[in-house]
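In what follows, chain A forms one complex with chain B and a second complex with chain C.
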Partner chain A sequence: MHSTSKTLILWPLTVLCLAARVTGQEVFDEKLSLRTLQDGKVESTFTFTTLLKGTLPRDPRTLDEEDLSQHYKLFPLALGQILREYAITELHLNINAGNWNYDRWGYPEEKGVGTGAELWAWLGDGATKTVDERWRGLRNALAGLFCASLGSLDELRTTSPAETFTPEGTLPTWGDSLSHQLRHASLPSEHVCTENLTPFLKLLPCKSLSGIATLLNPHRLFDADWHGMGVHVLWREEQGIEMRLTFQSVSDPLRSGLHKKPDWSMQSLFDRTITRTCPVARTSEIMVLLPQNAAYHIRPEPSSVSGSVALYDVASVEKPLNVDLLFHESLTYPLEYRSDSVPFTVRRVLLGSTQTHGQLSVTITNQKPYTVQALYLETMPWLVQFYLHTLQAKVDGVTQDGIISNITYIPPVAHSRPTTFQVLLTLPAQTTVHITMDVTKAFLRYTEHLPDAQRGWDLPPAVFTPLEVGPLNLNDTNVGQKAEEKRRIYTSTLLVDLATPDFSMPYNVIIFTCSVVAFIFGNVFNLLTRRFVVVRLEEDKGKKE
Partner chain B sequence: MEKTDQEQVAPEQQLTGAKKILSKLKQLVRPTGNVHEQRLRRKMKLTSLITRRLTLIKTAMFVIGYLWMVLLPVPQLGRGTFVDENALQPGQVNTQWNWGDVHAADLYLGQLEQMRDVNYTSERRAEWFKEQFSKLGISASTQNYHFQTSAANMTGTNAYAVISSPRNPGAEAMVISASWLSIIDEGAGTVNIRGVSMILALAGFLKRYSYWGKDIVLVISDGYLDGMQAWLSAYHTPSQSGLTADRLEIPSGVIWTALNIDYPGHSFSHLGVFFEGLNGRLPNQDLFNSLNRIARYTAGVPVVLYDHLDPREDSAADVSFSRVPSFLYNIQFVKSYLYQARNVLRHFGYQYNGRGSGVHGLFHQFRIDAITLFAVPATGPHGFHALGRTIESTLRTMNNLLERLHASFFFYILKEPTWFLQIGLYLPSAILISAAMMFHGLSIWVDAGWMKDDRSKSNEKSLSKETPAPEPEWKRRQRPVLDVLSIMAATHVVGLILFGIISSRLFISNYKNLGQPLFSILTTAPVMIIMPLASQQMFRKDVARRATILKAFNLCFASTVISIITVLNFSLAALLAILLGVPLVMSSSSLQTELPIRMIKYTAYAFIGLGWLLFAQTQMAQAIWDWQILSVWFAPFVCIVYAPLVLQAGISCLI
Partner chain C sequence: MSSPSKTSLSDVSARYPTALLVLIAARLWLSVTDVPKHLQHNQQLSSPLTSYFQLQEGIHLFKNDIDPYSGGSFRHSPLLLSFFATVLPDSRLVASVLWTLGDVVAAWALVQIWRTRQNVVQSSRDTLVAASYLLNPYIFLPTLALSTSSIENALMLLAMMFACKKKASAALFTLSFLLHLSLSSIVMLLPILLLLINDPHSHLASPQPMTKPLRKLWPLFGEFSMYTVVLALISTLVAGSLAWIPQTWGATLTLPDLTPTTGMWWYFFTEMFDHYRPMFLMVFSVHLIIYVVPVCLKFQHDYLYANFILLGILGTFKAYTTLSDPGLFLTMSVIFPETYSYMRHPIVTVLLHLHASLLMPLFHSIWVTQGTGNANFYYASTLVFACANGFALDDAIWSGLRIAIGPSVEGSHVVQE
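Presenting the complex of A and B:
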């Protein structure tokens, strides 16, 4: 009786809360797409989308006020709290392992494929807490949530290249004076593994118990040639806040060398099959991109086939579901790999074997029959500093003007700020553009050396953003990309050797340094404090000796 | 405090022996009286102690130094090898290389033999290699290169492939390579045919495993040294003068370690290891030690240095030298000594001229630790199977590395595969000689600053009967430093000109004929220039003779050069210690000797310094090639530093 009365008292309160809570209607969709790549490898992309209908990101001006209560059914509260605590409008986190090979694998389904961790967010300005304070809070909170060293994405790595990392959703307009700011940082040495996947799975409404997420088997995913996970939160006008969790992997069915056919099945790729549907998922589908130029056989029968895509509706097909693609003939590796979905290929290397100087060398080959314009962005830690006057562009070995334009350059500040270097490149049709720039390598303070085994310093990938993919009058349907669908192409990361003392021999180092210091100090001290006198030696005494 | 203690003790008169000693010690540690005077006296005593025995000390240092060099191969000297880097964990894996892979290698071998017999051009060959790699699904490419210098004009095509390591950014890499020409007779023409087939077979094998943490770069370089130099240069540097090479299309990461495979014969009995690099650099010994363990315990193949079989283990190699009587040879000590002496001498031979012992040596210039695995040709019992297992396991070990090999394991002389000399055991030999030279030079310099006063001499004569040993009066005299320094600078300039001449296209193309005239010009020119100048020099008692000062400076400079070179290239330093040590000390500056004798002396020095123009012409051409293609500084060093030093000694005999 007593308890009921209490409930009765609480009722109106609850109703009030409901009225003021963040939650709108929540929709969860899951999707897996699989495709066989040119070199027989299989790309699988898991996408889990949760849509909070009719909601807005938190207005940064309300950060001082009590936040609305958060009640979610599907949306992960752990992430929701972080987003609202720091009033994040848009957030993208990618943690990848491996180097995406654009030539062989084409353009990835999820574009954030840079090696290591990459975090970028759009935050509204105008709060009592500055954008940088909130950014620091965000990366520390995410570090805790995903068990990743995102906390080290500090001021040494944070830049704001707003032209390359344009918002994928919409930025709300809260007021006239309120602007949004971008914060971007990447940590190439971060590796994704099981400890990151477990918290990732916890964000899903069905965890990995049912639905497509069942296939996320760490034992197989982390044996793949490439794998990466992503968390994307953005706001779509008239729809609401969308959270997209993605997991991509590239596995090699031919790796063992026992088979010559690039056959795969869910069992062989993930060592699991789908036995149950996730009950809260609105849609749950598996898309298989069917091979174009090879004879194949797919089991079980897809729910529908549209063009070259076979579609399985997990809810309706018979379970356990184990999609199996069998090829009739063994794969002959092509001698040249060419991808239509990528306008150009990029290779970036750091030449020079000395510990003081080097040369950054970027080779871009435009295979398309038209001129391509692209933004080239380097967000380099201060460890490597550019000599901008040595920037040189050669087209097929001949120096040519007009390749590089619109240089944006924010020089580094030693020990604190990274370089932001962005240029607009004009890549003539079917040519190789070679860009070189001399760099100097920093000399570190001894406390700045990492405490662990010294393999060198990882430098983040450069990012290329093709702006105009060909003239519009060309009658190629593939060419006309939508303007909002800006693609980013990541180069591989670099490893730079800086002058490093041999830390494995601290004893020797200490002895040597101390001896030298003692020797110098002793001499100098002696000279400074000694009183010089004339000593007369008596001759006879000398003779006796 | 001190004094009161002594005062208290002194009157007691019953000091025990121990107490006496104690008080003496106290006196020594905290002396009474004028401390400064005592210190000065002590210093003077010490100085006179050394200066009085300087000749003895110098001689002892020379003798010990040279003796030490002779004793380097004594089997007891040194210590056993050990693996220092814990991360390496050599031989801890189960190898997967099996007979199927051997079969693959055999198939490649068959095709390669056909190609060799049909005499494919290097371009076509490289294309074929690229195709084979691509067929395995590995990114591959070719690189054309062309060296155009006065000593060389070479063209070729390298083929290379990169196995991207799964899940890794490809920022680190390790290299397995094989040059088309084998190390036998330094790339004289034997084709490294099984080495190359091994690389192709390894490509198909290595890509099957997902545990690689570093990219694996497979390089089949054209020629012997030139191909790999072109490849490495393009990989690491923006450009090299004299080289036009294609840019590498498939970049990879930072290379820490590399293995070069050389398997020219049909089968092999031992795995020989070559390790000397360019400019006297050695690879980290851990790499060699790991390989040694892996070959012995994983593949069961004995490892030897170079192609020297151990006479104590292999009866085939147990042949006495013709000069050594057999009863002497059969003494275990002598046998071991001779074997180790052979290894040490071979090592010296590879190291002193900075050329290194093979393709692996080129890697060292970019801080990459590399060795060559040489399958010593024999009728058996090993083949692809054992070699494959060794390479696989070694790659796994290299893959374990978390950081570059370090730990100062770069200074050693390997006397046996499992026995080496640490730096502390060989370095003093050359240092002692160089120190002795420095002492000699300094003593000459000091002596030159003083002269006996004539007046005192006359006094001496008159008073000789009264005072049997009067102190001779010493007077300071001038030392012509500037003159001597100009002479020295002039010789080095002559050296520079000499280097310019011999590296010119005109000379290199005709060095056999031009060597002799150049030698004659260079040896007579100083005589022509110096002699008139020398005769002009007035004999003045109050100025030290130029020849003396020249000798002093010459010795000091030579000593400094040797000391510095010891840590860069010990073999070269040892050679310099032998060539410069005693000869430079022997140069005399006495005017009493007849001119013909002095001329003979000068000629002898000219032969020591420049004799290579007459007697080592091919080596000279080779050294120029090394300098132009591989940046080995031996040739400029000999011309600009060594030859002038010897000439200076010669000139000091003349003037």
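Presenting the complex of A and C:
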């Protein structure tokens, strides 16, 4: 009787909860796109999109109140909880291994290809917990979720370069006074591996049991020349919260060296085929970008072909599905790699052999027949201090004004804040621009050095954002990229060699320095306090005689 | 000492400016060659607080409307910043001339101090005094590297010169300006105030307790505080906020930049355990100040000598030293020739200095440039340098006190009890 009355009271509550819960309708789409690159390598991009229809990110002002209950069918609760706990509006996490070669491979399908880990988020202000507190919570939570050292993305690496990392979705307007803030941090020494992929797969509704995710075979993915995973959460107005999990890899079918044809199949790339469809996926498709200037044969017959893209609908094709692309002739390597889509090539190095100062040198070659403008962003840890008065731009070896403009510079704070340095570059048509700047290298406390101090410090990649890329290129080889979207070009990371103290010496140094100080102090003290006396030495003489 | 004793006054008056001009010309010629470029990053010649390279960066940021005190490595006073950003064109040549001029002013001030102490209009020792400043490698190398510590030295000598000549306002203003460039020079406040109310002549041989009432110090101290506050207000106006205080004065106290210098702080705080850092920072800062009162008490008969001793303390113990700090102390000994015969171990001191000054650049280079040695090499040579400065200080105090007993007599020996 007693329990029945309880149930009776609880019923309306449950109904209320259902009405107020966070979730709307959920839709899951999966996609794999494959393309053969200029140098015979194969880029494969897995995209798993979950859309929470009709939902809003959590308003940061409600952080003190109890949150609405979260019930998801497809959306991963582990990630949902993190997003709502810290009221994250937009989140992007990339963990990559290797250096994306823009010259040979063009733009990647997913923009975030900087070496190492990169995390950036847009957070609404106005909560009792500050943006920085929530940012710290977010990176620690994600570190736990993805088994990555994201906790190290601390104040030493956090910047807010809002012009380069513009929101990809929409930022909700909760009120006039409420602004959104960006937090960005990158950790170039982080590496992606199986321990990151396993929690990644757990976020998928079908895990890696069925559907396209079957192909995510760690043995093959982490053997690829370049690989990286990404987690993107954003809010699209009138649609809802979108979570996009991506995995990109660049594999080399020619690596075995048995034949000179860049043939690939799912079996050869991933050592797996698709045997089952993911039952909850709304769409599940495989896109293959067909080669333009080579004779080939593709098996099985695609569900549809539009232009140079072959499309397979995984649900309807015969299984097991093993897409196989065969070339009739062996690959002729191009004499010069040149991407049609990427407007310029960038090379960034740190010059100088001493551990006290050096020179940052960036060489940008604009291959286009028109002037290109680009934002150049450096988010440098305080270890490397820029000297802006030495900033110089040379066009084909001649110093020229007007190349660098709109300088935004937030100087670093020793032992904490990194530098944010952003400029607008104007790159004349078909020239090489050479930018140099003197830097000094910091001397760290012995506790601040990494365990492998002699190896040096990895410095995050610079990010270039091309603006106004002349006439829009319609022959863009990338599939599924919106033309108006801002692209980013990440440079390779740098390694800086800092002077190291002797790590075995703290006690000795404290003792030696204190001894010298005590010795001088003692001497001065003695001289100042003791009285002078005249001693007659005749007694000694008498003894000697 | 070394100057010939039988020179007529007209000879001397002709020789002094000639020698000075030759030295200045040589200095100018050196500063327009490529030498300064090779020296500008040398960490023995300019510390993070005095480097010309950082100053240029600050000026550049200031001119481009970026607050140079919002972070970064710019730790120069806003006074220097405003001076360089508005009055002077940003050119190396102008800087070279200015720095050489600073040295000339300093050398001139030293000669004036010497003359005032001897109470003469001119002496045969003038050339030697000026040359000992202009030819001291510890002083002219930082000048070639355009380290602002040369400017600090010039201000220090000017303040002392004005104090010797009883020009209270000028002395106090110069000292307060110097305080804005380098917080550690607060150590010199009391001895300079005392020098202002006492005569600068040598009383080392006949010590007498000070008879002047100490209450005379208060108005002087008030004037000094006023200048300091006014300059601080000007600094705040120039910088636009109070951010310059932690960035300039704060750096002296908290040592955020652990760049190697010739001093004793950098490696100590590189190797310091994090939880002891604040305690030892406090100890090192206080340690610098505890010498002031005892030295002033002991040398109350000759405050110029107390000034000299405290310069030695500063050159040895202050944060962010460059070679020009101990260099000023060593050079200044030239105006106390009466103490020379009472020194206990001048040879040892000279040899220690020779040892340290040869090893420091060598070990610094093999640590950070060649990579064949490690930090301990350079640290060891700075310890030797500290010992050399300690020995010089020891001898200066000993001979300054010992002179009062008079020359030693056969069969007796002077010791401290």
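By our rule, the second predicted complex is superposed on the first by the 473 of 545 C-alpha atoms of A that agree within 3 Å, B and C clash if a C-alpha of one lies under 4 Å from a C-alpha of the other, contacts with A are read in each partner's own complex, and residues count from 1 in each chain.
In the analysis below, a contact is a pair of C-beta atoms (placed from the backbone, for glycine too) under 8 Å apart; a residue touches a chain by one contact, two chains touch by 3 or more.
Everything numeric in this text was worked out from a predicted model, so none of it was measured.
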Does the superposition put A:446 against chain B (first), chain C (second), both, or neither?
-> second
After superposition on the shared chain, which partner residues are touched by A:527: those of chain B (first), chain C (second), both, or neither?
-> second
A:502 contacts which: chain B (first), chain C (second), both, neither?
-> both
So, does A:389 touch the first partner chain B, the second partner chain C, both, or neither?
-> second
Applying the touch criterion given at the start, work out whether A:517 contacts chain B, chain C, both or neither, answering first, second, both or neither.
-> second
Return the residues of chain A at which the contacts from chain B and from chain C coincide.
-> 353, 502, 505, 533, 535, 537, 541
Please name which positions on chain B make contact with chain A in the complex.
-> 34, 36-37, 40-41, 44-45, 87, 131, 134-137, 139, 164, 166-172, 204, 207-208, 210, 236-238, 247, 249-251, 253-254, 365-367, 402-404, 406-408
The chain A residues in contact with chain B across the complex are 39-40, 97-99, 101, 115-116, 188, 191, 222-227, 252, 254-257, 332-335, 337, 347-349, 351-353, 359, 361, 363, 434, 436, 452-456, 458, 492-495, 497, 502, 504-505, 508, 533, 535, 537, 541-542, 545
Chain A residues touching chain C in their complex are 353-357, 385, 387-389, 407, 409-415, 417, 440, 442-447, 499-502, 505-506, 509-510, 512-513, 516-517, 519-521, 523-538, 541
Provide the residue numbers of chain C that touch chain A in the complex, in ascending order.
-> 41, 43, 53, 56-57, 59-61, 64, 66, 68, 70-74, 256-260, 264, 266-274, 287, 291, 294-295, 298, 313, 316-317, 367-369, 371, 374-376, 379, 383, 386-387, 389-390, 393-394, 397-398, 401-402, 404-405, 411-417
